[in-house]
Amino acid sequence: MDSIDTKILQMLRRNSRESFATIGKKVELSAPAVGKRVKQLEEKGIILGYSLKLNHEKLGVATKAYINLRIHQSSTLRTAYNQVIHQEEVQRCDRITGQDSLCILGYFKNNQDLITFIERISQYGVPTTSIILEG
Amino acid sequence: MDSIDTKILQMLRRNSRESFATIGKKVELSAPAVGKRVKQLEEKGIILGYSLKLNHEKLGVATKAYINLRIHQSSTLRTAYNQVIHQEEVQRCDRITGQDSLCILGYFKNNQDLITFIERISQYGVPTTSIILEG
Amino acid sequence: MDSIDTKILQMLRRNSRESFATIGKKVELSAPAVGKRVKQLEEKGIILGYSLKLNHEKLGVATKAYINLRIHQSSTLRTAYNQVIHQEEVQRCDRITGQDSLCILGYFKNNQDLITFIERISQYGVPTTSIILEG
Amino acid sequence: MDSIDTKILQMLRRNSRESFATIGKKVELSAPAVGKRVKQLEEKGIILGYSLKLNHEKLGVATKAYINLRIHQSSTLRTAYNQVIHQEEVQRCDRITGQDSLCILGYFKNNQDLITFIERISQYGVPTTSIILEG
Amino acid sequence: MDSIDTKILQMLRRNSRESFATIGKKVELSAPAVGKRVKQLEEKGIILGYSLKLNHEKLGVATKAYINLRIHQSSTLRTAYNQVIHQEEVQRCDRITGQDSLCILGYFKNNQDLITFIERISQYGVPTTSIILEG
Amino acid sequence: MDSIDTKILQMLRRNSRESFATIGKKVELSAPAVGKRVKQLEEKGIILGYSLKLNHEKLGVATKAYINLRIHQSSTLRTAYNQVIHQEEVQRCDRITGQDSLCILGYFKNNQDLITFIERISQYGVPTTSIILEG
Amino acid sequence: MDSIDTKILQMLRRNSRESFATIGKKVELSAPAVGKRVKQLEEKGIILGYSLKLNHEKLGVATKAYINLRIHQSSTLRTAYNQVIHQEEVQRCDRITGQDSLCILGYFKNNQDLITFIERISQYGVPTTSIILEG
Amino acid sequence: MDSIDTKILQMLRRNSRESFATIGKKVELSAPAVGKRVKQLEEKGIILGYSLKLNHEKLGVATKAYINLRIHQSSTLRTAYNQVIHQEEVQRCDRITGQDSLCILGYFKNNQDLITFIERISQYGVPTTSIILEG
């Protein structure tokens, strides 16, 4: 990775739909040359994908919450992780230090959906919920 | 938002660089018709932007951490928020319930950079750090 | 709901036995007209009922307490809720965020009755008790 | 207080607008005799008032929360209590055992109003918030 | 209980072996009159007994500790209480508010005896130990 | 201390007003010989005094509580200790491990007196109160 | 132990490979006389052994952590202790006051090895992990 | 570092006073060849020094404790660290995750020395002490 790759990544972070031509003007390369570098960044596994920033509120999300799930026994944490990560409300799921647990970020239509989610995952551990007030 | 918009969003979530032509084939619309709908989703503020999924480890990140910052006095939380959100290590920053605090997700080159970050934000509150072991 | 309804509600909140005639004088309506509006507020489900403010100490209550009941497993919380809410000592019972639990407000004749209550509900979860010193 | 007073209180607890005539039929007394007993219950300070049970959601309440306010110094707790109790969002405010604090029940239009409330009271102590998910 | 009884109690609290004659001089009563009053204080259950203040260190106590025993299930707390109270190391045992538990004050010959005690009572609940550094 | 001293101490622990004659019969010594041994136990500082076991409830105590006082700064703990130990409600006061604090056992006429006590000592640290429900 | 023994210990603490001749010069004794004293310190059990100070990072350690293991039941703590102490990552293992637990200091090749360790010991209790950021 | 270096380190870890001749026999090298390798391990900074394992109890240590020092403000943690690390009772001092703090392992003559130590370091933060019961 050289300084041109770094610049390309910066531009794509701001707008991942940016055309290679526009990027090329900034880094003084042709569009195909930019495309080749982007392809290499994908092949090296540096770029993992291209995603959207959505206004979840406008899509019906009224309750965002961090749920800390303290696993009943650490040896079952991986099972819990694999179940949790695939649920559609889950934005992130990380195993963290402190009391051995998963830190889950979830977006929910309403409090009732949050409750349903908590009850579903409570078979794996003790959930502690913090509502996001603003963020 | 109708069911076609929903499908378009789904496809863009998986790959935000997907061409309107490819999306069009799936939803049985022309590329310009897809482009027009995407433009409307942007104008309605549903799509906020297009971002990258990066392999941060390959970019030099060795320490990922959640830092909970309990603010010394709630009235200064907004000031803290505005300072924290613009620091480059910060991936997310949310005000959460429980003891009034910011939940900060940060990516750091190493433990030393994490310490520097903690010391910098400690003027606003009491930081509690959980390292992400895997996620 | 217009501003007259709001005024009627305000007067009834202060004294729910207030006559419609007295209310009518304040809002410049006849007693039957007030009665009709109150009936509508009941039918819309805005007014749920008319209750008493009692001096519980004079009725023999010596110990008021908040009991936080951390449920053994979230999936049994609804069962616990349904049992707890119908016990006569219980003034309020709310499911709250944080560690998944019920927050129960109870009025008791004495500490011994509080202990009996705690032991009864401890089959559902771990009770943590805070005595109300004044309120 | 005899068993007839107890029955009268029970009926008024269920519906504080109940007419003395209806109550009288149940306790086999004339309406004026019931009225006289109710008056005495008021004069003895057993009945403190007549209140409404409202559907707060229909009146615009979207966020109900318990806020525990740990006072910076116990000696200022009374000042804090007197400020908090008169704010319109506050339904209950009790001084409780455990770490010396006020347990405040508040009803808010939305999360933003809750934040404003927290910031206002944070001059007196450290607020810890639990959202009521259902109750 | 009149003011003379109060004075008698005060003198006995300071020295429970004080002779009735000496007490009598202070309260201007004869020794038999004092004896009669003390007998009545015993019969009324105000005086429960006469005990010693010992220097436990000189009797071989090297470790004093408060042990908080959080009971596994509140319904078994009474069983635990009855077991704990009769163990010779136990000076006090009280059921307290907060997380439902026994607060046990124990005097031990050494840390090893404290460990043995903790292991013995751990069948009833989760022990948390605080060593008395000075008191 | 030999086995006779141990027996004498045991008898005095049960009843510190026991006559030396009665004790002498049990340990097969004359009353003066017992008296001489007791005097020696006092002089060695093993017996510190003779106290009463009182029924505090019958003397007007309605609220017994443990108050944990976390000192603002450890260096002022001795000052706090010296103030607290001489207050008449205080039965015990011990400096304990864990978060540096005093563990205070207090007997109070009512909750109001407990509150007054808490407010008085709060200049030294943060009080956390547990009511004794039975003990 | 006299002052010469103390000096010998001080020198060996700084460098346990120091020759007896060098030590002898400092304490004005012959090398064999020093050797005799060291032998006695070993025989009295004061010197337990001679160890190395290593740079663990250079030997591949990337993650150092304190793991607090709260034992499920105190009676099994000794079993847990005996298992834990013999694992090669474990530098120290101490039974501590507070909530009955083992405080384990472990050095790990990476976070993944730490996770494996946590999962292995979680059969004995609930692990809480603190990463050493610097030390 | 090859497998011979590893074996040399293992032997020195067990007994750092082991002669190079004895080590040489195990690894099939001459004493000077072992000495040369040890010198290189020192020069590479892998071996930092040679230390003693002492029986601290026999040297007068009666109280071993972990003291967690939560720093008042993270920015002063380095100052605290530098003060604490040089005090003779301190065996280890590590900055750890969780609430930003130093984890200090100290060996003390008695509880009084521990108290003195706590009071001395309390100018930097809030100390929480756990006594080592066995380890």
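Residue numbering begins at 1 within each chain, and the chains themselves are lettered A, B, C, D, E, F, G and H in the order written.
Throughout what follows, contacts are C-beta pairs under 8 Å (C-beta built on N, C-alpha and C of every residue); 3 or more make two chains touch, one makes a residue touch a chain.
Here is each chain with its UniProt name: A, B, C, D, E, F, G, H = Lrp/AsnC family transcriptional regulator.
Note that this is a predicted model, so its numbers are computed, not measured.
**Student:** Enumerate, in label order, the chains that touch chain A and chain D alike.
**Tutor:** Chains touching both chain A and chain D: B, C.
**Student:** For chain A versus chain G, which are copies of one sequence, does the interface use mostly the same residue numbers on each side, meaning over half shared, or is it different?
**Tutor:** On the two sides of the chain G and chain A interface, the residue numbers are mostly different, under half being shared.
**Student:** Measuring from the mean C-alpha position of chain C to the mean C-alpha position of chain D, what distance in angstrom results?
**Tutor:** Once rounded, the distance between the two centres reads 7 Å.
**Student:** Need the CA-centroid distance for the pair chain C / chain E, whole Å please.
**Tutor:** 42
**Student:** What's the distance between the Cα centroids of chain E and chain H, rounded to whole Å?
**Tutor:** 43
**Student:** Mind pulling the chain B residues that touch 2 or more other chains?
**Tutor:** Only 95, 97-98, 115, 130-131, 133-134 qualify.
**Student:** How about chain E: which of its residues touch chain F in the complex?
**Tutor:** Against chain F, the touching part of chain E is residues 1, 9, 12-17, 44-55, 58-59, 64, 66, 92-98, 103, 105, 130-135.
**Student:** Considering the complex alone, what residue numbers of chain H touch chain B?
**Tutor:** Residues 73-75, 77, 95, 97-100 of chain H touch chain B in their complex.
**Student:** Given the complex with chain H, which residues does chain B contribute to the contact?
**Tutor:** 65, 115, 118-119, 122-123, 126-131
**Student:** Taking the complex as given, what residues does chain C use to touch chain F?
**Tutor:** Against chain F, chain C makes touches at 111-112, 114-115, 131, 133-134.
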